[in-house]
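Consider the two complexes below, in which chain A is the common component and chain B and chain C are the respective partners.
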Partner chain A sequence: MRILIKLAWRNLFRNHRRTLIMLSAITVGVWAMIFMTAMTQGMVTQMIHDGISVIPGHAQARNPQYGDDPTVNNLLPVPDSEIAGRLEGGGFSSWTTRLSVPAVISSERESRGVTLLGIDPEREADFTFVEIDTIDGRYLESVSDEGVLVGAKLLETLKTKVGNRIVLMSQTPDNDIADRGFRIVGVFSAKVELWEETWVLTGKETLQTMLGVPDQVTQAIVFGDNYRQVDAVSDSLRKAFDDTVSVQRWTELDRYLGTMLEVMDGFTLVWVVVIFLALSFGLVNTLVMAVFERVREIGLMLALGMRPSSILGQIVIESMLLLAIGLALGNVLAWLSVKAFPDGIDISIVAKGMEMMGASSILMLDLRLQDVVLANSVVLILGFLASLSPAWRASRYDPIEAIHKVD
Partner chain B sequence: MLLFACCSVVADEQVSASDIVRAAVDHWRGISSYSEMTMVIHRPDWERRMSMQAWTKGDERSLVRVTEPRKDRGNATLTNDNEMWTFSPRINRVIKIPSSMMGQSWMGSDFSNKDVARADDIVDQYSHTLLSTMERDDHTVYEIESVPFEDAAVVWGREVLLIREDHVVLEHRFYDQDDVLVKALTTLEIADMGGRTVASRQRMQKTDEDNEWTEIRVDNVEYEVNITDSLFTLSNLRNPRN
Partner chain C sequence: MEITLRLAWRNLWRQPRRTWLTIGAMVFSNVLLVFMISLQFSVYDLMINNSLRAFSGHMQVQAPGYIDDGSMRQTVAEIVPLASELRSDFPDVDIAARATGFVLASSEQRSYGIAVYGVEPAFEPGASSIPGLVTDGRFVESGDEVIIGVVLARNLRVSVGDELTMLGSGRDGSFAAAVLTIVGIFDSGIPDLDRSIAEIPLATFQDVFYMRGSGHHIAINAPSIDAVADYQQRIGAVLPDDLELHDWTALQPGLKQAITADIGSSFFAYAILVILVAFSVLNTGLMSVLERTREFGILMALGIAPGRLGRLVLLETALMGVIGILLGAFLGGLLTGYFGATGFVMPGMEEMAVRFNLPARLYPGISVATLFAGPIVVFLVSILATLYPAFRLNRLQPVEAMRAA
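Presenting the complex of A and B:
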């Protein structure tokens, strides 16, 4: 065995130019696999982080009918004041409750359909809108704040400004019109323009009073530690309520993001395999050439009594050594290039397009161990399989014919 | 009777702005009224006319039914308190106007559904101040500024009303919160009808649209007519019995 490894190692450097070319191809391929995966994963992580921190949270408890008809008619059957007691000690990293209803916002000149959120500004400050900067005016101050916070884009559409009054109109549970004037106290900017157009925030109690539903909310939102592992969070949320409440994970609440996560995990594998397929042609070609050049030598070794399996092993080992060196270099290169962008890559040139997808214009890289392991194992396993064919052919040579072969 | 006399004397001496507005609204609507009117919607490249009948009772209830043109005949709007329903014979359905549509145009005109359903908001959702009193064509005209309350469901910054001492509203101007005039309802003709002096032709026009306006021409009006409550019901909206 040691002899085989030694032979393979030496063979590798007999034609060092070819080996170097192959090595650089493998290195670049592996780098591309890992780096590109880190990029797409970074994009997905960020989209999901932004997406769920704004609205769904990691898991939500709400009225079972709310999903189909998100109005004030489908409130949580538990009073707001009681929810705090139920959620404390549930192992959530943070939680809040919201009253969220469809509404129409009108200024003097325009009106738009929006989602009006009655929030608890102090609780929300822990997570939701920390990413959404109040660019003008102020943030909401308390649950009974009578001002509203609107998105910059909506403000532009309504042709109004901070300090002006707007009218918000919605419905009470009896289907009567509930409307009142509000003063715009602040403007927020969001990474995604759509959010600026959709969300209007006010104090939770103010909205409860306006809709005539004191101490009622539409959803309780909780956060755990990791957005990929939300089962524990949703289970303990389910425990906090009874069967009259439906608890959903963010993957169910935001199908787009949930599906995106699954697709991206699958996509990583496809990406790695595609790159490897391109690489494997080079690898197999190199090995075939190496075998072809050494037909007489292999014939001699066979004639001297080396077993065909050793020939096979020798060539496979040669290919694995080549791959191992390439992988090592590729991994180091990928790691270095990820480290080179600690603050993410600025892709603001295509920011508009990214926004439409719900991603932001700074691309953070997310190098995950499991993706690196995946790329390395795919290369090793498929590389092993690819090198079997030339190795097998070499081991099947007839020694006499092989020795007599003229170059 | 004595009490009434005494109060009217006080009112004469010290006319409060909100009383003037209240009186103008009451004068226009009466306790109950029946009117026939024509609405003209004018746009740069077209104009359409609609004749309709309208019944009102108190501040809250009204019913408007289109009589001409033929294709719109039977279209009706019922308002009760702050709610509003429409009926269209073509689809044979009563539709409740949801709150989301209250800001939209009423039958394609320059009036919004809200203008129609909640015309009396001017009385109780604003604070009124008398800006000036002037003489015009042998009449005293009060210029009243109405500023909506902070939480009133009104988008305007302020509204200015010109009201004659005989309760005819001459002009109703809507200003945005930067004090720019957005639209105005102007009385173009005044006539004696149904025993009262009322505005018989009024035009609603947006300031930045020169050639777009809606006129309401009152052809006939009767006040304090006897109207049964059953007129203002959904079943009557669908199956007219009047």
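Presenting the complex of A and C:
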């Protein structure tokens, strides 16, 4: 075996030009596999991270009707004050409850439709708008805070400013119009402009009083440790309530983001395989040539008593060595290029387009071990299979004919 | 030339397996390129058409600053006469005036904040696809009539014939209210529209919101997306100076940029693919030159110029490239044509498609450009990759070459 590896190694560098070209091809291919994957995964990870930290959480408990009819008519059947007792000790890394209703916001000059969230500011401080840069003013202080927090974009549209009063209109459970004035206490900026236009935040109790639904909320939101594994979290949330409540994971709450995760994982595999196939033509070609120019030599080895399986092994090892070096170089190169952008790649030139996809305009690279392992194993396994055919051919030569072959 | 061509052709088939593997690499990437590029550009066309046809139109006439602020007060005065004037100047273009406000819409049971549009009942069907998508009832004609989206109707728990109350602010900031009768419900398939807009006759809008004859924008649809730039210039020339004309790239910057971002990332992937083919070609070219060192030495000793030998090697690659183009375009065309007929679906595409106003099943279309753009790039890059082995021949010394092992 050792002699075979030695032979393969030396053979590899007999035609160093060809080996170097093939090596460059493998290196570029592997680099592209890993770097491109890091880009797409980075984008998706961030989209999901931002997307679920803002609104859905990892799982939510709601009234079964709320999904189709997200109004104050579809409250959770459990009083807010009782929910805490049910959720504490449920194994959630954090949780909160919200009252979320459609509303119209009006300044002296403009009106817009928004979603009004009554929140518990202390509970939400850790996760709502994770990068909740309150660019101006202050964050909400308590559940009974009577100020509102609006997005920077909405503030601009309403042509008003922090400290001014706005009017919020929504409906009560009896479909009377409930309206009251609020003072804007702070402005937040979000990664996606749409969120700045959509969400208006106030204290939970303030909103409950305004809508006449004391101690009532529309959803309970929980977070686990990992957004990719939310089954345990949603199960224990389900246990905390009875069947009158519907529990949904974020993948169900936001179908787009949920699908995105699967689509991108699938895309990674397709991309890696496509790049490999493009490489494989060159790889097989290189091996075919290497065998072809060594026909006499192989014939001689066979005549001297080397077993065909050793010839086969020798060629396969040669191919695997080539791939291994290419993989090593490609991995290092990909790692270096990911390191070259510690703060992500700024693509704000297409910010609006990224927003349409739900992504932010700074593309963070996410080099995941599992993607690197995937790329490397695809190359090694398929590379092994691709080199079998030329190697098999070489091991089947008739020694006499092979020795007499003239080129 | 004829003899060089024949030589090149024969040389290729001295190593048929190598030649086929090299052509195979070209064909593989060509087929992928043809299919992907066809699919991609069909999708862009659909995205643009569906998004613009639905509502915003190819162009809009607006008051200065309206595009950024969208304020109720940034109005186009005497909008209906202006629209009809444009209509008589440009009879082949669809033109419709509109006004916009935000209101709280209440039915008996529910209230939602929505955008309400005042539209010209006679001309809106040309400018937007919504009137044609009224699945229940009819489009508005005049008076206190309103149509709403199917999701909004469900949320408000109303159907055709029910009343809808709207509360909002008029142009001067005063209180505006109206009680309207729902005459139709539309289903555009675009969740944003179905959930959050209502349309009423423009005259009614102007009354309710104290518009005094003004509106907010005039939507204009050119006969085709390619004609937009031309019409933008011509219409812009006749507009009063205090108005602005924006095309769709300004109206929906997200659309344009989403396409740009997608082109950017996919072209990166294509470039990698082409580079890998180039390595393959380079390898083959170099091998075929090296193994013929003696032969080339003899030819040079016989008086053939190294330049001609270089051309021979380039011609060999060119021949492979041509086969690559033909096979690639043919197979790629077949693949694209197949999906063009049956439709192309990817798992998870439904959710993605809705986001970009696309149907769940895509039918890629073929054009000469999408069929040959990719393969021709592959061809040119292959030639480029062969330059190195071809120029190496210039350094060949006939005597040494003939002695080479």
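The rule is short, and it goes like this: the second predicted complex is superposed on the first by the 406 of 407 C-alpha atoms of A that agree within 3 Å, B and C clash if a C-alpha of one lies under 4 Å from a C-alpha of the other, contacts with A are read in each partner's own complex, and residues count from 1 in each chain.
As a working rule, a contact is a pair of C-beta atoms (placed from the backbone, for glycine too) under 8 Å apart; a residue touches a chain by one contact, two chains touch by 3 or more.
If you're wondering where the values come from, they're calculated on a predicted model, not measured in any experiment.
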item: When chain B and chain C are modelled together on chain A, clash or fit; value: clash
item: Chain B versus chain C as contact partner of A:N164, first or second or both or neither; value: first
item: More chain A residues in contact [chain B versus chain C]; value: C
item: Chain B versus chain C as contact partner of A:Q229, first or second or both or neither; value: neither
item: Which superposed partner A:S81 touches (first chain B, second chain C, both, neither); value: neither
item: Partner chain(s) touched by A:L277 [first = chain B, second = chain C, both, neither]; value: second
item: First, second, both or neither for A:R180, with chain B first and chain C second; value: first
item: Which superposed partner A:Q65 touches (first chain B, second chain C, both, neither); value: neither
item: Chain B versus chain C as contact partner of A:E108, first or second or both or neither; value: both
item: Touched partner set for A:I21, first chain B, second chain C, both or neither; value: second
item: Clash-bearing segment of chain B relative to chain C, given 25-33, 61-69 or 97-105; value: 97-105
item: Shared chain A surface residues [contacts with chain B and with chain C]; value: 102, 104, 106, 108-109, 111, 113, 169-171, 175, 177
item: Residue numbers on chain B that touch chain A, as the complex places them; value: 82-83, 96, 98-100, 102-103, 148-157, 174, 176-177, 182
item: Residues of chain A defined as touching chain C within the complex; value: 15, 17-18, 21-22, 24-25, 28-29, 32, 36, 39, 68-71, 73, 102-106, 108-114, 156-157, 159, 169-171, 175, 177, 255-256, 258-260, 262-263, 266, 271, 274-275, 277-279, 281-282, 284-286, 288-289, 292-293, 347, 349-358, 407
item: Of chain A, residues touching chain B in the complex; value: 102, 104, 106-109, 111, 113, 146, 160, 164-167, 169-171, 175-183
item: Chain A partner contacts - residues on chain C that touch it in the complex; value: 15, 17-18, 21-22, 24-25, 28-29, 32, 69-73, 101-104, 106-115, 154-155, 167-169, 173, 196, 253-262, 264-265, 268-269, 272-273, 275-277, 279-280, 282-284, 286-287, 290-291, 346-352, 354-356
